[in-house]
Amino acid sequence: MKKIVTLGEVMMRLSPPGHSRFFQAGTLEVEYGGSEANVGSGLAFLGNHAIHLTSFPDSEIGEAALGQLKKNGMDVRFAQRYPGRIGIYFLEHGAMQRSSKIIYDRSESVFAKHACQDVDWDQVLEGVDLLHWSGITPALSQCAADFTLEAISQAKHRKIAISADPSFRSNLWKYGKRADEIMPELLKHSTLIIGGIHDFKVCLDLMGSNLDDLTELVFDLFEGLDYIATTHRHSHSSSANDFSATLYSRNTKYDSKKYELTHIVDRVGTGDAFAAGLIHGLLHDYGDRALELGVAAAVFKHSVPGDLLYASLAELNEIIDGDALGKIKR
Amino acid sequence: MKKIVTLGEVMMRLSPPGHSRFFQAGTLEVEYGGSEANVGSGLAFLGNHAIHLTSFPDSEIGEAALGQLKKNGMDVRFAQRYPGRIGIYFLEHGAMQRSSKIIYDRSESVFAKHACQDVDWDQVLEGVDLLHWSGITPALSQCAADFTLEAISQAKHRKIAISADPSFRSNLWKYGKRADEIMPELLKHSTLIIGGIHDFKVCLDLMGSNLDDLTELVFDLFEGLDYIATTHRHSHSSSANDFSATLYSRNTKYDSKKYELTHIVDRVGTGDAFAAGLIHGLLHDYGDRALELGVAAAVFKHSVPGDLLYASLAELNEIIDGDALGKIKR
Amino acid sequence: MKKIVTLGEVMMRLSPPGHSRFFQAGTLEVEYGGSEANVGSGLAFLGNHAIHLTSFPDSEIGEAALGQLKKNGMDVRFAQRYPGRIGIYFLEHGAMQRSSKIIYDRSESVFAKHACQDVDWDQVLEGVDLLHWSGITPALSQCAADFTLEAISQAKHRKIAISADPSFRSNLWKYGKRADEIMPELLKHSTLIIGGIHDFKVCLDLMGSNLDDLTELVFDLFEGLDYIATTHRHSHSSSANDFSATLYSRNTKYDSKKYELTHIVDRVGTGDAFAAGLIHGLLHDYGDRALELGVAAAVFKHSVPGDLLYASLAELNEIIDGDALGKIKR
Amino acid sequence: MKKIVTLGEVMMRLSPPGHSRFFQAGTLEVEYGGSEANVGSGLAFLGNHAIHLTSFPDSEIGEAALGQLKKNGMDVRFAQRYPGRIGIYFLEHGAMQRSSKIIYDRSESVFAKHACQDVDWDQVLEGVDLLHWSGITPALSQCAADFTLEAISQAKHRKIAISADPSFRSNLWKYGKRADEIMPELLKHSTLIIGGIHDFKVCLDLMGSNLDDLTELVFDLFEGLDYIATTHRHSHSSSANDFSATLYSRNTKYDSKKYELTHIVDRVGTGDAFAAGLIHGLLHDYGDRALELGVAAAVFKHSVPGDLLYASLAELNEIIDGDALGKIKR
Amino acid sequence: MKKIVTLGEVMMRLSPPGHSRFFQAGTLEVEYGGSEANVGSGLAFLGNHAIHLTSFPDSEIGEAALGQLKKNGMDVRFAQRYPGRIGIYFLEHGAMQRSSKIIYDRSESVFAKHACQDVDWDQVLEGVDLLHWSGITPALSQCAADFTLEAISQAKHRKIAISADPSFRSNLWKYGKRADEIMPELLKHSTLIIGGIHDFKVCLDLMGSNLDDLTELVFDLFEGLDYIATTHRHSHSSSANDFSATLYSRNTKYDSKKYELTHIVDRVGTGDAFAAGLIHGLLHDYGDRALELGVAAAVFKHSVPGDLLYASLAELNEIIDGDALGKIKR
Amino acid sequence: MKKIVTLGEVMMRLSPPGHSRFFQAGTLEVEYGGSEANVGSGLAFLGNHAIHLTSFPDSEIGEAALGQLKKNGMDVRFAQRYPGRIGIYFLEHGAMQRSSKIIYDRSESVFAKHACQDVDWDQVLEGVDLLHWSGITPALSQCAADFTLEAISQAKHRKIAISADPSFRSNLWKYGKRADEIMPELLKHSTLIIGGIHDFKVCLDLMGSNLDDLTELVFDLFEGLDYIATTHRHSHSSSANDFSATLYSRNTKYDSKKYELTHIVDRVGTGDAFAAGLIHGLLHDYGDRALELGVAAAVFKHSVPGDLLYASLAELNEIIDGDALGKIKR
């Protein structure tokens, strides 16, 4: 069991049942998640001690969100409460040639306004093996960007490994800063970066259309960086994708198995599942199998509704080893 | 058939099924409404031409809200669309000794930010018999208060009857103005006010603990005012209330029948149902029966889930006349 | 265990969930029943052998209706299949001061058109203790009236007890005959009639506003008649009723306990439950307790959703004896 | 925005949830639609003014059906109300090698009995760009056939474009007329016909097994005809089809892209979606892209539950351009 | 119509809706079934007289299970009731690369403890054409194994055909006996065995990796044996399989068509559906088409949620003949 | 915040939705609870640190049960996992004159078989303010009784307050011991006993029909005992009860307010809610208001579906003070 700290906003996710559209829906399915909390929850399901730093509204809605994180097995002792609103995202599940659609309603949330204040870093980071953050947080507000930087500095200072998912999204970054003004400073202490060509170009102002070249540039830029991981997805439709990933270290490159995903149940959160599986593997010295674990986690997540990777290590290993493919396990 | 214009925000209403709490809910029931749109929808169900002035987000969520108003039979030709968010309210249904709970998340909604811009009042108000507004709208933002005043002035100018529901709510009025700075100017052209002791004290700075006295003061204040209507509710519990109402004109006072309401299904929107029934009755010259119609509408609404008065005139008359009480109509 | 034959139409019942109205409903709850089949099902649940004579559409819908009757424990060996439609009734559950509403869509159903053809009465009525029919069947069509008469004659001929529920409904009887042209001939062989003042006046053209007097007239009219049973319901609202019953024999009159029914779950089918309980009691020589059993069955049925009396004898006896009132039985 | 008039029956659609069969279902999903109203609703969603001519039962059920059409954005001012029943269709969703199944229960519906009476055609057809009808309407009853002819004549007289979907179904046409007695007279004023080989053979008594030849014969027959459109579907299973279409004008033939449809959600109404997309494209001078729009509309509809094309122009264009294939749009 | 007796445990099946996991589920779907009762129910749906011998708890839960079997059309006159518990199995539906999972909670069930006592075999087996049992029953308890042997002996004695599905499951057989101690004695009177390589090896201690060779050995072993049937499944994923079967008689071998199954809805019970179809075909002298009927039944079952083959003969024949593939049947 | 340890079995609760019976149910609502865990969860919701000692199956079902306790805010670090089954209870909600019914299926559960082994009491009980147990645990098995005694001894030894709910249930105590052989030894170290006349008679072999007398005897018996609390419930029906309680100390007796409970939502767990409220009040020195808090907790619980007291202190205080009765709190 390793100890991981994640930080970031937890949103309410509202989605019409099945393949219905909002226009048709008389009920919405509700759960609570966010990229970094999803990574942390996945790590908790895999047996780790996962702490999440965030802020919730001081209301029944905040209580419900907090309840879900507790159920996921996360340690939320350090989560803060403020009067205000929870960020919301509305998700319409695509199917076939129809895309999935996410409508964000997250501005002015308690996390965007307050992030976390007066954190007792000694207590939070005691015995921690890895800090994980994503580029969504610094994109929310100056306050959230400052908090991200503070967390990274505190971890760096304690020689804790740092994993970053740049996750550039153009519809965020509305508070007056550009990603390339903020992200280099945040990324530079990373030991693992999970990102793709677009992230590197936009966040680090790098040139190059080729992942091999770009990763080399990134390794040159950040001397403490041990790994870069990238996922590859080819979408035939909302219901059928191919999925694989590559793990770069300074001298090696490893390509995972490629999975044909048909009959996709829920694609949201699969990147976070990948991160959880990969981080678990790297922290537990799986070598290249760490990447396969990340990919298996992402594959598994596609088959489960909701944001979260409800999976055990045994289940992921069965996918990697192809043992249980489509069998009924009794 | 009369022609009525209502104006105000339309919110998304999210509530856990049955008597569950948010903490327990995996699905939320969703519908769209707001005090003034509820009044207009009730009037449309009763056979009138009801126009609603509001603004919706320019998204699938706005489309869904618009769809509900259309289904209710409202004329939404003049509704506007802006980029942004819809106001939301979270409703937990109480039961027995447990109160119902509403959590508002409506700040920064497209209506609060934009109200309606550049309205073609000649077109909107052509042939209109009555304009209805509530005190919720001017409590949202300066922009919404200005829009309310504009609508009232335009109606007044065209000698259209004006109905007002002051609905003072202390958790609104956050934009820097107090109710008593804004409301007197808005209320002064009303021909009908639907309010209670608290409204008159807070919005009009009147003194007096007695409804008879207060209504006399209000009639003195506003010379065009024909009616004041007030509802009386005694709550034994969330499931059992007594309900009645009084209608004052300058010289008369009429008390409605009093109903014992047990086994309450959904109390939200019952005040709006009262307003719809009363306005219908007054516009169609029902005399005192107008008040009974309003009360019957409120009673009926308590038995139907959701914000809206899905009722026909015939159904309300059956309640007034006690014809169908608890029978199975075949 | 006694053997009972019932006959009549089985309809599809479609109702919006909870207290919703049709206008709001995106799903409808579906089950299959009809007055006489409900009586038979109730008798089957109480441990009797209950045969039902009816006709179903020769389609998946007919198969589903048949499935429900089988599940209820009825013997449907003699049910017939024809191409065509099933009768439907739409039910909106009332609550509080709002009435329940039933919309029939049953004309041209396979049962109304064909009733049952070429019945092998020797086989059907072998060992049968009682035949039960209701006034709904002869009200549907000439064909259904003829079939009712045939069944009664066949039972009479075999000296089988006959129970009749006149159930006069003014919105039936559309095929050119009046109730008082048909019903006297059908009722005259009854050993038990379950009816009220209105039934006797309309079906038998009797005068009198008083049940005691009317029942005396009915006993005078039909010499084989042993019992008349009548239920008494006072509706405070759709959610609260008082309920009791009276059993007349030629020389005696017995009044049941009176129950205050609050928090009514589903009133439909409670008359059929009463009939089932009463018939069970009379067939098993319960004496006056037969009436209490009928009333307890009706009371129990009010607490269960759907048309049917899912109750055991033990459960009904607990109600009569007041043993389990509101306890949690473990 | 164009103005379109559609005419035809609106039915209640009842279907078991998911892939359940009627035998298993305790609830049925309910919505309201019909081929021509589906086309009109699709056109309304795409931003047009769509008027529907039909008749509804004068009951809560009729009110609910009307509500759905209003929600879809249709103009139902001219819809009529009669006492009687709504047509119903029961739909069981197939999957894999199991076919979908539709059981009609539509005879004696208010539309079949009354169609629309005393229509004020000057008012209905004022400013209308196109009238759309289908062969289902004249197949219902003599009255409905007469009404169809009247509508076509009135449109023809006003030089309004006329679109026809012959939709021959052998289980209709039960009132004593054959399709080839009625359809030629109705079809002859069409400017657009959406049909296939079987339609042309049965409705027009034409010979030929080849679509190219048959369309030439049809163009010869009807001199005002501008376009014939045909869809091509190859069913691998209920869950996987190929879909494309061809548009013929007098001198040209255009074949659309072909889509592989896997993971089909709901196939019902896809032909109506095609018609809506195609008509929109033709009315807005899209040229060949009009056909692509029709095909994209059909493709999109396969991914949404229910009868209706809930899609915006932007969403259809994304499918044509392949921009958003399987992406999550944020 | 043939008469078949099946025997075995009926369990409560509890599964989370859709593709949810137990961890996420707030509701569980419930139905009642078991391998042998599933075979019998399938035969009843195909029009046969199917008797099931089993024991149910003497509780509301047992009543509900009994109700389902009745609804399926089974003759349960001989089912017994004992105080105690029902066996339960928890089923989580897999999807894509995620396996389905079954958790059994069936020990100490009333059937495992009592099987059926004091059966009147003359009455049960009168006119019976075939007895069907599976290897699950003798694996439950000594008592259940004894009961299986008794049933087989009684059938053998009356020259009734016997069908056996060895169904070896390693997580059963916990009561102190091994399969190869019990099964040879039970299997030796079979006229039909439905099994695969693994079954023959474990239950009969045979050697050989080749089905052709093994079946020859089995035919040598059991002289009354007429047929051995084996299904072939290749799992690409939980959502996509290939499926076919082979039927061996003493001198012939027949391979069925092979079906590509994509978009699988529910795989559980497909082996039982195969058995039902095959037995129906063999009893009705279908020749090789009996195997195709079995395979079509299995294919059809994959498309329907739940344990049971809700299918008519006509529907299975359409699959065999490829008539209705993916069409909408109206 | 106080620290409390509870111990006992956590069961799966399965109940048909609304007022349906098992016979009708196609889905069951599922949650996880047990008397002592309910008390602990209630204390956690009120802001305390609540540790629960129990054992779960080593399966997905155990994981789900564990997840619920975590969500409730309980500290489950010390919960143990064993191969085996979870105890189940089936609950049918009564209504009106129909009783609720609970069917237990809990024998041979992992907790009954193993209780908790090798507990590190120093760690578990460090800083703990109170240990709470109920008479259900020693009634399950010798092993569970031994574990209860061990826990009590360890707490006693550390001078930790001990609260006991004797909860005598005659359908437990099946393993060969009688309650009065085991309970006196367990009860004698209690500082608080929550019980009634029946408990004292059966568990302690005391005589007397009067609560005042019996409590005096109990105080005489157990010298460390500070409080005895008893609840009073009068059941008018399953939907309407009266509820109050009495708190005895050695010299005082305090009677709570009495509440009329109508429209009961879910009665199960209300005794546990009472215990949670009372214990919270006593631990936080509320004096007599501790009893009012317990009663308010029980009252509140009646209005919420499920086993658990999802309530905050503020909500309970509102009930005690009558502030919010039936209001909509905004």
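Observations, loosely collected:
When the chains are written out, they are named A, B, C, D, E and F in that same order, and each has its own residue count from 1.
Convention: a contact is a pair of C-beta atoms (placed from the backbone, for glycine too) under 8 Å apart; a residue touches a chain by one contact, two chains touch by 3 or more.
Keep in mind that what you see is a predicted model, and the values were worked out from it rather than measured.
Interface note: subunit C and subunit D, two copies of one sequence, contact each other through mostly matching residue numbers (shared numbers exceed half of all numbers used). Each chain gets a centre from the mean of its Cα atoms; the one farthest from the centre of subunit D is F.
Chain centres computed from CA atoms place C at the largest separation from subunit A. Note on chain placement: the centre of subunit A and the centre of subunit C lie 62 Å apart, centres being C-alpha means. Centre to centre, using the average C-alpha position, subunit D and subunit E are separated by 45 Å. Residues of subunit D in contact with at least two other chains: 18, 21, 23-24, 26, 67, 101, 262-263.
Residues 18, 259, 261-265, 299-300, 302-306, 310, 315, 318-319, 324-330 of subunit E are the ones that touch subunit D when the two sit in their complex. Residues 67-68, 70-73 of subunit C touch subunit E in their complex.
Within the complex, the subunit D residues that touch subunit C are 14, 17, 21-23, 25-31, 59-61, 63-64, 67, 85-86, 88, 90, 92, 101, 103, 105, 107-108.
Partner subunit B is touched in their complex by these residues of subunit C: 18-21, 23-24, 94-102, 104, 169, 171, 235-241, 262-263, 267-268.
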